[in-house]
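After this come two complexes, each holding subunit A, first together with subunit B and then together with subunit C.
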Partner chain A sequence: MERLSAKRALYPLMSVFTGIVVLVVGLILAKREYGMIYLGGVWLLLLLFGYYKACLAVIPFAAVTAGIFCAVTYALSRDVQSTLSAAARILAVCVAVIAGMGIRPSALISNLSTLRAPRSITLGMMIAVGFFPLLMRETKQIREAMRTRGAGSMLRPTVFYRAFLLPLVIRLVNISDTLSLSVETRGFLIGDKNYTVYKKTVFGIKDGVFAVIFTLGTVLAVIFL
Partner chain B sequence: MSAVKLKNVRFTYEGQKSAALDGVDFTLEYGELALLSGVSGSGKSTLMNIICGIIPQVVKGRLDGEVYVDGKSVKGETMNSICRKVGVVLQNSDAQIIQDRVEAEIAFGAENLGMPPERIKESVDNACERMQLDKNAFTRTLSGGQKQRLIAAAVLAMRQKILILDEPLANLDAKGARMLMESLSRLAECGYAVMVIEHRLDAVMHYADRVWHLENAQLYTVKDKYAYLSSRALNLKDSVGKILGQGNAFSLENVKYAVRKKEILRGIDLDIPMGGRTLITGENGCGKTTLTRIIARLVKPTSGEMRQYISPKSKRANARWFADVGVVYQNPDYQLFMPTVKSEVLFGARDKNYALELAERFCVTHLFDRHPHSLSEGQKRLVGVCAVLATRPKVLLLDEPTVGQDYGGLERMVGIINGIHVQTGNTLITVTHDKRCADALCDTAAIVSDGVISDIGGKEKARVFMDRNIS
Partner chain C sequence: MQRQDDEARENLQSDDVCKDGIFEKYTISEQKTDEREEDRENADNQQANEEETQESTSSCDCGKNKIFSRFRVKDIVFLAIMSAIVLVTSAVMPLVVPLQSTIFGIAQLVTGLQLSVFPAIALMKVRKTGSMFFISVFTGIIQLLMSPAMFINNIVIGLILELAVIVIFRGYKKTASVFFVVALYNPLSLPFNYVYNLIIGNEIMTAVADNAPWAAVGMSIAVLAVSVIGTLIGIRVSKELEKAGVFKK
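Up next, the complex of A and B:
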């Protein structure tokens, strides 16, 4: 996901908010004849504001999923308008996720820290973000280690289960123990209000311009489309 | 005023009868770099945990005696408040990283201490320069040694005047170890109190102002540090002559390996002689572990060819292949999974009697009824090597077998491995940056640098490389 992030992403919380608005408005406008123009406009706006990687990455998924849904809807209803509405709903979801895909999770966490969100939430998010890559790395490592001990075959399920599950649990417990100790010994304290934020996330001119265009566009779309 | 003072400290872990530390008196002064040494499991980390409050606040047990940090008793103080005065570098750096970027990771501790952003920036830049880290790098792309340097940098950036580092050199190559020790030495000269817990005495001794030795729960001051060093950190002598079979066991031709766009190996040409002992060494992140994974057929090279002559008909790296090619991981936790040490050693063994005989040589028979994961790190490593050797592999691949090993444990392990090599004529491939055992496990040395073999030859090549990087 990281490789899809924008180099200079928008204000993270605004990105998340944009995604929610696009989803809601996109679904409302899905039944209208020109509803897709709104989605196209938002896609273009995000493309121009640096989210081009995510904008381009979403196209194949959107095309395939919308194609399948259109085919199913048309086969069931034989109605062109219903088919277009189904496509618009899928596209609304796809355009809504672009804004989220374009921001790094750490930028969102930093944004929340800047706004003095509770540290238990920001640290929890930080650890959660890192957990899945860690789990994947550990799983891969353990699968390799199982092979080296001749325990990689699923034809021996009891051995397979032991050789996979035991090291995985031991590793995860060890890692979480070490991590919690490390965080505490590095001065982290839940409820501490005297911490600083090294790099604050600020709402810049670019964010303001985007917010104005997006809000105006959305309001006009709701009124006129 | 001493930075740290322990008076008659005695600690017994919950559920244990004997004390881990008994009647320990210890002082660490400002402006001093102290080394704490001792065999695996002697209680070095216990001592550190007492100073920084992990004991008794997290790890429970009975603690008697007095502990002072920066002149004040730590009784009743929280671990968090103690650690605002004492910077602690724990073992296992890989598990401690929470941020996605180097800069954010280093800044994390300083943020927690409430440092102003401009001071954090200065600290981050200094720490990155000291530890030669790119502050914009993603943490997940760092090698083991770089991660270790990162965690050390993260603690240095917090600027506590008292620093305690638990095996900070474990995954560092000679250059990285020297870099860290020089930084710590400079800090001690500037008035910091630094304590390093380490097995690699040769890399630390030169910088140490005072040396402590822990044994049988007692702490002693070492009077003559160089006599102590020479008794515990001599390079192990090679007691085995060259035993070469015919031809090569492996032959690598222009082997390349890349992950996404990052090239890890950039064209390796290497012949590994059958029945010989090949030592692969190089700096952190140079591609040593990737090279061994390719040799073990755990991964395929992106391009180039790796030919093996161990089991010419073997097309896949299946259980039969790994019975012939034993791989010992750097971290034994991954390879131990049976309910007892005995079943672990017997798992996959072709000849049960041979496996039991091997267990005796490794001195692990008294642990037979124990769960492998209940053992100390040093014992786990011995059991891991023993279990792999019990399958009578034609090739033994060892990845950093000396990490966390005290001198006695290292000497015993190298002796057994060499003994089995003489007895069976197996092909031994060792990846290490530990100078102490390089000579004793080497007929042919291959130096990996920046993804290629930069030098190859006899054991003198390894000696020259390690001497150049350590002195």
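Up next, the complex of A and C:
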């Protein structure tokens, strides 16, 4: 996700909202003849607003998925219009994903913190998102320990359970205890306490311009396409 | 000896620590002991009442996140870590997305085990109302960016199960409640997805179930079976760790 994020991404919540709108409108327009023009326009708009990495990354996935869906639809219905509609639906899902893919999860959490979302939610989200590398490292270490002990193949259920799953959960519990202690000593509190947001997310001019173009484009597409 | 008794009595009055029976070896008059026990009982009752009041306000007061105040940082951290592992292990799902148009419920089948083992462990440790909802929200953060429909699916199912557990079991005190919630968490997304595809008019997704209803029923049973097995594994792991003292209360 991080590698696909835009350098200067749009206001995170607006990106999420954009994704939802594109999905809904894209699915509504899927049955119309020129519905795909709207999706192409949104793709281009996001590309121009710095989401080029996500825009390009989605192409192979969209091509494969749309190809399979189109093939199945055509095989079942023998109707070109239905096949195009199926392709438009898949493309709507793929284009809707771009806006979300282009923002960092941490930016979204920071946005929620700025808007004073419950601390318990933002704290949990932060941990859930930032925990991936640590989890990978732990898994690697446990597998190395298994190899050292000559535990055997992970495909054997008993080996998997005793030598991998149990140590992993024990490590997770220990990490959780340490992390919660660490979090508490750094002043994280759950409840109605006021807290400082170091990196505030603000709605800028670029976001405003995007919002205007996107809204106008969507309204025009729904009316005229 | 009398002087020592007096000193002990003075200490008892001034210091709360002395209530724990440090001066038991001294002979204190029965009347004084009764008074002290009464005081202690009163203090205990008062504390219990305070705790009860706090609990009732936190569970009933819907304003300003009061419902979350019962969760400690430790609980949130553990639930978040378990959500992270659910997310990581569910990364296989995008690989089978193209197959969804031909095999009903394939995505739920490949994620069935991960989505039941780890939430079961999480709920066995954090037996508090709202835990499943928290897991849904934490796993939803990535889904919100990747697929908003999946996020809504997660949240709705989390809420439904929380409500069901409150109505049926009144919380997660019993292991049966954990089993009930976790075993249904993943399979419930099957009807949700079907209804969602029906609403948005995605015929190809609904056609998979409509064209071969028995295959769809079979896959639904398979998803449920995988979830049940996963939940049982999760509960077993938790009990083993509880016995070993890893799950500190």
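We adopt the following convention: the second predicted complex is superposed on the first by the 212 of 225 C-alpha atoms of A that agree within 3 Å, B and C clash if a C-alpha of one lies under 4 Å from a C-alpha of the other, contacts with A are read in each partner's own complex, and residues count from 1 in each chain.
Here is the rule we use: a contact is a pair of C-beta atoms (placed from the backbone, for glycine too) under 8 Å apart; a residue touches a chain by one contact, two chains touch by 3 or more.
Quick caveat: nothing in here was measured; it's all calculated off a predicted structure.
K.L.:
Look at where subunit B and subunit C land on subunit A after superposing the complexes, then choose clash or fit.
P.N.:
fit
K.L.:
Which partner does A:Ser106 contact after superposing on A: first (subunit B), second (subunit C), both, neither?
P.N.:
First partner only, subunit B.
K.L.:
Applying the document's definition of touch, where does A:Leu47 land relative to subunit B and subunit C: first, second, both, or neither?
P.N.:
Neither partner.
K.L.:
In the superposed arrangement, does A:Gly19 touch subunit B (first), subunit C (second), both or neither?
P.N.:
After superposing on A, A:Gly19 lies in contact with subunit C but is clear of subunit B.
K.L.:
Based on the superposed arrangement, let me know which partner A:Leu179 touches: subunit B (first), subunit C (second), both, or neither?
P.N.:
both
K.L.:
Which of the two partners, first being subunit B and second being subunit C, lies in contact with A:Ile37: first, second, both, or neither?
P.N.:
neither
K.L.:
Of the two partner chains, subunit B (first) and subunit C (second), which one does A:Thr73 touch, if any: first, second, both, or neither?
P.N.:
second
K.L.:
Quick one: is A:Ala163 in contact with subunit B, with subunit C, with both, or with neither? Answer first, second, both or neither.
P.N.:
first
K.L.:
Contacts for A:Met125 in the overlay, against subunit B (first) and subunit C (second): which applies, first, second, both or neither?
P.N.:
second
K.L.:
Check the residue A:Arg147 against both partner chains and state whether it touches subunit B (first), subunit C (second), both, or neither.
P.N.:
After superposition on chain A, A:Arg147 lies in contact with subunit B alone.
K.L.:
Aligned on chain A, what is the least Cα gap between subunit B and subunit C? Give it in whole Å.
P.N.:
7
K.L.:
Can you list the residues of subunit A that meet both subunit B and subunit C?
P.N.:
105, 123, 126-127, 129, 166, 170, 175, 179, 183-184, 188-189, 192
K.L.:
So in the complex, the part of subunit C that touches subunit A is made up of which residues?
P.N.:
Where subunit C meets subunit A, its residues are 64-65, 68-69, 71-74, 76-85, 87-88, 94, 97-98, 101-102, 117, 121, 125, 134, 137-139, 141-142, 144-149, 200-204, 207, 211, 233, 237, 240-241, 246-248.
K.L.:
Looking at the complex, which residues from subunit B come into contact with subunit A?
P.N.:
Against subunit A, the touching part of subunit B is residues 52, 54, 58, 79-80, 83-84, 88, 90-92, 95-101, 104, 107-117, 120-121, 124, 138, 140, 151, 154-155, 158, 293, 296, 298, 317, 319, 322-323, 326-327, 329, 333-338, 347-348, 373, 387-388, 391.
K.L.:
Which residues of subunit A touch subunit B once you look at their complex with the stated criterion?
P.N.:
Answer in residue numbers: 2, 104-106, 110, 123, 126-127, 129-130, 133, 141-142, 144-153, 162-163, 166-167, 170-171, 174-175, 178-179, 181-189, 192, 194-200.
K.L.:
Help me check something: in the complex, which residues belonging to subunit A touch subunit C?
P.N.:
Within the complex, subunit A touches subunit C at residues 1, 16, 19-20, 23, 27, 30-31, 61, 64-65, 68-69, 72-73, 76, 82, 86, 89, 93, 96-97, 100-101, 103, 105, 108-109, 118, 120-121, 123-129, 131-132, 135-136, 161, 165-166, 169-170, 172-173, 175-177, 179-180, 183-184, 188-192.
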